[in-house]
Structures are given as structure tokens and as C-alpha cells.
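Note that the chains take the letters A, B, C and D in the order they are written out, and that residue 1 is the start of every chain.
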Amino acid sequence: MTVRKHFASDNHAGAHEAVLRMMTRVNAGDVASYGDDPWTEQACASIQELFRAPGGVFLVFNGTAANVLGISLLLRPYEAVILPEGAHLNVDECGAAERVLGSKLLTVPTPDGKLTPALIASRLGDRGDVHRAQPRVVAISQVTECGTCYTLEELRALGEFCRSEGLRLYADGARLANAAARLGCSLADIAAPMDVLSFGGTKNGAVGVEAVVVMADDLAAAAPFQRKQQMQLASKMRYLAAQFLGLMEDQLWLRNATHANLMAQRLADGIRGVPGVELWQAVESNAVFASLRPDHIERLRREWDFYVWDEQAHVVRWMTAFDTAEADVDAFAAAVRATADGP
Amino acid sequence: MTVRKHFASDNHAGAHEAVLRMMTRVNAGDVASYGDDPWTEQACASIQELFRAPGGVFLVFNGTAANVLGISLLLRPYEAVILPEGAHLNVDECGAAERVLGSKLLTVPTPDGKLTPALIASRLGDRGDVHRAQPRVVAISQVTECGTCYTLEELRALGEFCRSEGLRLYADGARLANAAARLGCSLADIAAPMDVLSFGGTKNGAVGVEAVVVMADDLAAAAPFQRKQQMQLASKMRYLAAQFLGLMEDQLWLRNATHANLMAQRLADGIRGVPGVELWQAVESNAVFASLRPDHIERLRREWDFYVWDEQAHVVRWMTAFDTAEADVDAFAAAVRATADGP
Amino acid sequence: MTVRKHFASDNHAGAHEAVLRMMTRVNAGDVASYGDDPWTEQACASIQELFRAPGGVFLVFNGTAANVLGISLLLRPYEAVILPEGAHLNVDECGAAERVLGSKLLTVPTPDGKLTPALIASRLGDRGDVHRAQPRVVAISQVTECGTCYTLEELRALGEFCRSEGLRLYADGARLANAAARLGCSLADIAAPMDVLSFGGTKNGAVGVEAVVVMADDLAAAAPFQRKQQMQLASKMRYLAAQFLGLMEDQLWLRNATHANLMAQRLADGIRGVPGVELWQAVESNAVFASLRPDHIERLRREWDFYVWDEQAHVVRWMTAFDTAEADVDAFAAAVRATADGP
Amino acid sequence: MTVRKHFASDNHAGAHEAVLRMMTRVNAGDVASYGDDPWTEQACASIQELFRAPGGVFLVFNGTAANVLGISLLLRPYEAVILPEGAHLNVDECGAAERVLGSKLLTVPTPDGKLTPALIASRLGDRGDVHRAQPRVVAISQVTECGTCYTLEELRALGEFCRSEGLRLYADGARLANAAARLGCSLADIAAPMDVLSFGGTKNGAVGVEAVVVMADDLAAAAPFQRKQQMQLASKMRYLAAQFLGLMEDQLWLRNATHANLMAQRLADGIRGVPGVELWQAVESNAVFASLRPDHIERLRREWDFYVWDEQAHVVRWMTAFDTAEADVDAFAAAVRATADGP
């Protein structure tokens, strides 16, 4: 018996052929290294324009690095980051923030992965107390680890709150394209309230590239040095740039994300009303979180690959990707239904 | 007037088409992320065999990261690294070692980029003194920043000295393939005296990948975690693996390096005896270091791209790569001769 | 109106005159610096004997440093510390652990400041997952931040659990003397299950000194270097040693702690049964935590100095010290009663 | 045979009795901890006035900590420190700067321990190069490790050069009092060109205390937090303050340093013209560096305690302190003469 299809992660997918094609296209001839080449210039200028980002754009290898570099631009040594308990930066980066930034992470439990001004405020009581790391950065994920998506109003409210409190706002945008697809807005709309954010390529059809987008002009001078120091400066940068150039042809980044979101929606629709299967979170991106009977989870995993998100609560995560096929979604939804109908 | 051809760096070259082809080949279908895929297994197993490395092989994005990760496996917080003053780790990594390792680098001036037991011994006087960071790792580069190549005898002598002194030996192998080509030996021969070393792909025809090769078995358990923490774990690892798979087909890694070395030798031969042009270092890999008149340097750089290595001493560095053409070498040698013959 | 007497903190007290006297006594003449003097030798040997600590004793300036140094002996870079959410190391050290160790702290909510094997186990689920900092050290406080005291049975159970799980056990002993006084046992009894622990002098009548006590023999070699690197090596070490010599004359450390504990008990007894005043934690050391009406708290603080521990829950903390006078305790208890009887 | 008298280090001396007396005097009663007490306020205000330092004064435990804290106020993560190769921060602090700051130290060889604008300029070539840690702080020692003393003109020239180059100037003032005594100027005169400097108490008759003096107003906000994070916040701060209060009574700090300087001068005078004994550095503080025959060094060390500074060059260091007796100096000078006259 073989596992038929992955709903495990959007990084189990391969790369979109347009991305690989562009990598091949930039291959000819010598160009200067470390980003001093025309492809990098073009890719970064395009991203900068998409985000209307005065500060600049800095390509890095992966999402952990984007988070650490982005936040490193915003912190002094004694300052701390307020973020959701389940944030990738807190849970899934093997302590990179503590090691490379040396900074404390102040976590907040959230029901849906979203911070609010009130939740942030709950962590601000110790400002001025010399015994406490001082809150300075608020780090959200858009979309969140729970697959939920901040509305533009929510983002603006966070931005205003942060400005009024002297805090800086960072967004982990590993799945930012999915948020833009969901909200039907521009990347610049999402980015406007931020000081720094990342724009993920990897989970959206790239081979492996993320952009750190610096909104605040005065933060940009440090970024090239800190990227190098954080071991994220590619010598043959053209191949990172090429991936984004591929994703920006005819808005491939948006088409990929839109498709992935649609597939998640299709899956959610396909299992709606199935007895014993409950959506755990609203489906607002390319993730479906659902709870179902442990024995049903076990049976489904014999043929389908996906993660159990919460063992205690029997919550599973089903991710779709840019290349998820409708037929696979339908077959999987049918399998869920069949399992639920079974003993 | 345009700059005709790069002799600036082996990372100005593109990638070998076999590498890109392999990246395309591994693209099909879903595979598990973070290295838990058959391509990664195959690539790492092959490298491990080439090096006869009990500890294992860990792919990372670039050379700075390979150095930092490799050395991080060998150091406790209060321990220091002895290395040549001109080492990449000391000079060209924007303080990554100090930032990420938090460790002191104890530098030694060298005429040719090579450490010797005597030079290392000059830094061992402070062992046991609680006020001094304690020397623990010796870090060499093979080939060196000066393009010179340790012989196997020299490497064995370093290994024996380190073992006898309770030191660990690390080699920055960003151009290790060029050393193997030069020495006509196996990678395992070079690796035998080391505790950890890196094996560079990027400068030898890859898009961007390096391997950290762990010789000592007991060091391997920490490596996966430290790689992740150091922001070097690729989610779609198959594309890093594919690059090495491409380089290992029919020993492409060796053929590439052999060619680059030959081109450097051809260039050295082509300028031999030109008045006013002196080789600054023996040509033992894919680099030619030479001194010539400052005005001649300036004239040459109008049409050819290369680095001035030492402004004071009028030393330039001419690098060749896997794809350097004989005709370009000959044209450049002719240009050097013509310039030297001129006013 | 003046604040009459501190029940704010045991570090608001001065030093015991025996401590100052000993500092004066060691003052005569030249001695070697950095701990290579007879007074330091004597003090450390005595502490080592009290704890039956094979590894050795290392004096530092304050409690934060003792915690950071102690734990630094136990961790590799990718490893994490499990500790109570309210631990001093987590809450009150301005991120020193993250900055100096670079390590993640995995916090556990506790009702009474105490960890249990079950609470620790709740944080062990991610072992082996490369995305997660790996739990390695369990850090408790004896006595806890809540003034509670682990029994010897509880400590043994923690030690056994840690050993069986491959974890190391550290204890913040800023108030270890109070624990020994409470338990009526030797310091060696408390220390037996630990790998490393601290022994506080400052809060128990010293001017400012703590000892890092290393139980595990193999950990001691790194300690002198890490103490120096962590900026905790006193040049005129004899004055740190003298403080402990003062505290060890006729078991002054135990007499001081016993007195402070008694004063806390006396205070607890004095307010027992007062309507509206509830003990929030068992009184097991030199702290009394109680809840009372917010307006009563406010009224009391006009004349008495103490901390509000939890604004929401109206919990206050009353600390006693080695020099707290019975009369002050009685006057304060009377004030609490009078306030409670008032409007 | 016993070693008669220390000329080994000014931290082999005890504390001045005025310092101990003041520590006893501040002992009475409860005061707030962590520096929120009248003694600390008074000491810091007095030092601030002596230095005319708008930014403020922060007491720490030792000289390593003063250096690390002081420089930490001036650096961003990718910035580096230019300093003499022999600086305490580079050589004698077990890598604390690399560990706690995470910053690269760019060393400059100096004949007499002094930096000059030209020497600093030799390290500025890499500014703007993303591969290089960026020079930002110049760290000098006043007096230097070689016992030499910058003139006020030299300090002003360094200050002007740093300002014109966008660099910040830090001074390790572990023996700043000796410099003021030598120069016959105010501490404010010395401090004027600096951004931050330390003011040593320990080597000048204190038990163990140093002040970090912040000249630049905008740097002071971070200092309290970074001191705490760097494990240098004393809970019973009054005893650090008391040491400086003792040293400031009737300018004891200046009288102590003046005496120590005089004793060094007396020793230098006493050995002038002795055959085979050469001063290695000008005697400008409380240190005498001299070269003499290795067998003579060995013979002298049988009865007198001092350091061999440079084994190869047969250079020894003889330090005097606030309590060095004229008779001891004369006896030692006689011993040097007798040894030189001997076989």
C-alpha cells in the first residue's frame, strides 16, 4: 500500500516549471556575484514596486532566515518580540531567534493564530522595568499558522496600535501570496502597516527563496550587512532572483496562490456536513484544519499523507499547493467521507 | 568599451547544465521536505562514500554557512579557532563567526595562506590561562585563499599535530575539488586527517550548495539541529541534493575542477617571462596571483574583469572556472603581454 | 508620612556585621588575584564540603550570573531549558539567558512555582524533531518564586525523572539556605539530585556573592573559563570569599535563614483568620503571599513597603530577612488586622 | 624562601580602609535595591559631575564588564571594534566581547599600546564592503596596557578623527585615575573626546567596582537594561556606591593614583643606569616595563613577585599600587641592582 498524495505541506510540492525555466534562462554567461547582477536588480525592483517599499528588498534562502533577518533590523539587544505562542519563529525554528538574535520571545496564546491590540497589550505591562526584556517588535504571520488571514482592517488596527505604543510591526509572509489572493488586494495594501515583512516564494512554487521587504527607509542600510552576517548572502544570487522573476511573470505568484486557496476551499466544501468531521479553523488560505475521530485519522493516513496538528484534540492539517489537482482533492474528500461513514 | 570576460571569480560563472538538468529532473511530484527524500539520501550517501565519512553529510546554502556550521560542531563557548589571518572565515564573512558562534578567532599571518604546526604552536601559549579564549579548532582552507594547495603530507602533519595537542582540525573546502584535481588523490585522502570539512559545489559549477562533511562519528548528532538553528535547512532539500547529484555524474565535480586548474596553469604559462609580471604565489589550483605595474593593472581592467588583491603590493588575482575557455585565456595572456610591452 | 519598614525584599536588607567584619579581616596585605588566594581556597573548600560537590565551587557576583553560568555548563547550542513560567531566569533577568546563552526557555505554568515530572513531561514531546530546540536542562528554584519549598522526596523524584529522561537538573538557590532551614536537612541532601545549583549569599546577609556549585565532576573544567567569559571573575576575589567565610562562621547562613523563615511564619500566624486576608501560597520560607482587598493594599502601602505580586488577583508579597525584628512583624500584622477591620 | 612583596599587579593590593569604612557606614537599615537608594544616587551624581557626563553613570562589578557594557552601547550587530592588539578586551577577557557582544575585534599592532589616527585609518579600508564587519568603535585604554598615557592633545586628535570618520570613541579606564594624576588634569578633560569610557575603582583601592560613564546623552537609555542583561546589576547596589563614595572623599582616588605613579617613578629612578636593565616603555603611570637578562629575571623572582610580560624579549612588568611602600620600592630597586651586578 502506498501513500497516494500529499496534503502534508506546501513544501512537499516541486517547483513551478516557469521558475525552473527562468533559472535556466539566467544561466548563460558570467555576471557579477553577490547580487550585483541585472537579474537581481530587476527582481528586487519588481518586488519593491509590488510592495511600494521604500527601504528595499533582500533575498534570502529560507523562511527561518527571512524571519530572523527581518526582525534583527528592528531590535536592540535588550528588546523582545511579542508573538503568538504557535508562531513558526517560536516553535519551528530550533531556537534560531534566541541563538542569532539573542532576544527573548514573549508569547501570547491565541485561539486562531491572530494577535490583536488587546493581546499585545497584555504583554506590555513591564515596560520600563529594568529586570524585563523590553517589548519592541510585534511579529505576526500573514496567513497565520492556523491558516487564518488577517483582514486589511485588522492589519491597519495592529499597525496603528504599534505606532501609538512605540512598537514595530513585522509579518512572517511565508504564505503572503495566499493572503493577497484571499483578500483580493495588492501586496502593498498588506504591507502598508508593517515595518518589515517577508514575502515567501518557496511554498508558492519556487525552488527555495524568500524576500525580506523593508518598508521603513532608515532600516535598509543595515540589511545587506546583517544578511551577510546571518549567512544568507548567495554568491550566485541570480538564481534566487530568477525564481522570483519566474513567479512574477504574468502574476504567477498570485495565480499559484489563488489556485492553492481554491483547492483548500474545494476540500472544505467537499467535507462539509460529514458527520464527525469539524472544521477547527475558518478556511482562509491553503490550509484546512479539521478534527475527526482518532481511528478515522489513522485509517486515512494509510493512504494519504498529512500532519496531525494536535494529538489531544484530534486536529489534522491538510495543506494544498499550487499544483494540487482537483481530482486529488475530490478523491481525498471522498475518502474522508467514506471513512466517516465507516465503522 | 565593455569588459570582455571575467577572471574575477569562480562564482561569476553560471551553473553547469548537468546541474540544472538534474534540478529539473528531481522536480516531478511530491516528496517529503527537509531532506527526508530519496534524492537527498542518494546525494548524501554518495558524498559520504567519496569522503569515507562516518559522521555524515549535511547540505547547506553557501560557504559561509558551511564554515560556521562545521566549526560550531567542534567548539565549546570559551574555545577559539586558530586560522590564517587572510582566511575567508576571518576576513570575508562579515563577522558571522563572532555573531553566530560567539567565538574568538586567533589569527596567524602566513606568507602563502598555509598553516603549519609551528605557526599553530605560536598560538598555543595561553592554554590553561583563564583570561584567554582556549584554542581548540585549527581551521585551514584547502585550497587556500592564496590558491596554494596543501600536500597530503602537509595535511597529515597538521592532523597529527592537532591530535597530539588535543586540537580539532577543520578545512574550508569551498575549492576542495580543485585540491583533489591538483593532488590527483581521492577526497577521502584529503579528508582523512580532518574532524570536519566542507565540500564546495557553488564555485565548481553548482547553482548554490555546499556540503558539511563530518568525519568524527560523535559529532554528527548535533549537526541536524545546528544546521536548522543556523537557518540552513532547506525545506525543498531535493534541489540542493540535485546539484550534487549533477556534479557527481561521471565525476563532473572532478572534471570541472581539473579544467579550471588547467586554465589557470595555461594562463600562468602564457605570461611566464613577461617583463614586469611576477607570479606572487605558486599556481596550484584555479587562481593566478601576480604582481604587475599599477598603470598596467589599470589598463588591463578596462577590458577585463578581475580583482586587485593587494593595492600596496600591486598584486592581482585572476580566477578561472569550470567554463573558462582556452581562447579567453589565450586572449587575456596576450593582453597582459601587450600591456607589459607597452609604455 | 514615611514608609516605616520594608517587607519588600530580602535584598533591601543590609549585610550581616560578621560578613563586613570578615571583609575587613581579609584586607591586610597583598594576595594573588582572581581567586588564587588562601581565603578563596578556604571558602570554596568549605562550600564544597557542605554540598559534597565533586565538581567544585565558583563564586560570582549575583544571582542572574549564577543562573546563567550554572546552566551554561549544561547546554549545547541547540538545547533548551524547561522551567516554570514565573522563574526568575525567565521573568526577571532582562533576557540574559537568551543573550548570553543564546538558548530557548521552554516555560511551564505552575500553580505554586514547582515543577513536577508530569509538568516536565508535557514539554518533552518534540525531542528528536529538528525544528525544535531540544529540551536538555530542567531548571527549578529552591525555594521557589512563590516561597514554596520542594521536599527532599520531590527533589529526588525530579532527579530520577531527569536522569531517566537524559535531562540535567539545575536549581536556582538564591534562597537555598531558607530551604535547608525549612527542611531541616543538610545542603548536601538538597544538592544530591542536582547537576549544578547555586547557593545564594546576597539575600541571606551578604554584601553580594553567590556560589555556583557543580555536582558533576566532568562539568567543572569549563567553569573557570565560562565564569571569566561571562564577566564574573572578581580580580580581588578575597572579598567575595570573605562574605561566605563570614556566613559560614558558626553556621551563620543557617541561623540567618532560620530567623527569616521564623519571621515569615510569625507574620503568617499574626494574620491568620483575619477576614478578607487569604494566604495565596503555603508559607515555607521567608515569604508570605496573601490576597487582600485592593483598597486595603493601598492603605497598608502608605506606611509599609512591599510588592504587589499580582494586580489582577490582589496578591501581595511580604518578604522577611535575616534582620527582620519581631516587633516589626508584630506591628505589621497588627496593621494588617487593623486595616482589615476598617472600612 | 618566601616571596617578599608583590610588584605583580595593582589588584593584588587590598582595599583602602576608607573604602571599607564607607561600606560599613552604608550598612545600616533597609534601602531599596538595584540602585534606587540614596548612596547610589550620590555616588553616581558625583562621578557624573567629575566627568561632566550628560549621559549618566552605571556601576558594574569589574573591568571586563565595564568594557563590554560600554562598547555594547555603541555597536550594531554587524559593526566592529578597532583596538590595539594587546588590549585587555582582546587578550585578557576570555572572548567575552565575542560571546556577549557577538562582534568582531579588528586589532592593530602598536609599539607602545597607543592608537593613532593613522593606525585607525589602516583598518578603515573595508567600509561599505558587505563581506566585512564594519568598523564603528575605536577602543583605547587610558592608561594603556603598556603603562603609557595619552596626552590630552592625543586624545583630542583621536576624538576629532573619530567624529570626522563617523566612528565612536571608547576608553577602557581601568587605570583612568593614574592618567589623571599623570596629566594633572580633570577627569572631564580626559573624558571630553569620548562617547563612553570606564572609570576604574578596583585597581585604585576599591574592593571591586567600576563605573561606565556615558558622555553621549542618547546612549544612556539603553544602559540600565544592558547592564541588567549583562548580569552586572547589583541588588545591594549601595555597597558598590559606597566604594566610590570612599574613593571620592577628599579626592582619595587622585591621591591613591598619584602615590602609585610616584612609586613607579621612584622604582624607575632607582634602576636607571643599571647595566643590562633597559626601560621598555616610558614610565607614565604605575607600571614599569623593563628588559633584563633571563637569568636575572629568574633570580629576582625567587624573592619578588612580578610578571614576565614577554618571554622572548625578556620584558618584565613591575606594577605599583596605592599602598606600595617607599621602603619596598627601594629594597626592590636595590635587589635589581645587586642582581645586575652579580654573575
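Here, a residue touches a chain if its C-beta (ideal position, glycine included) is under 8 Å from a C-beta of that chain, and two chains touch if they have at least 3 such contacts.
These numbers come from a predicted model, not from an experiment.
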item	value
Path length in the contact graph (chain B to chain D, fewest steps)	1
Centroid-based (C-alpha) most distant chain relative to chain A	D
Chain C and chain D, separation of their C-alpha mean positions in angstrom	34
Distance between chain centroids, defined by C-alpha means - chain A, chain D (Å)	50
Chain A and chain C, separation of their C-alpha mean positions in angstrom	42
Residue list for chain C, restricted to those that touch at least two other chains	77-78, 93-95, 99-100, 102, 130-131, 133, 225, 228-229, 233
Chain A contact footprint on chain D (complex, rising order)	34, 72, 76-78, 102, 130-131, 133-134, 222, 224-229, 233
Residue ranges of chain B in contact with chain A within the complex	5-6, 8-9, 11-15, 17, 20, 23-24, 26-33, 61-65, 68, 93-96, 99-100, 202-203, 207-208, 225, 228-236, 238-240, 305
Chain A residues touching chain C - in the complex, by the definition given at the top	77-78, 80, 91-95, 98-100, 102-104, 130-133
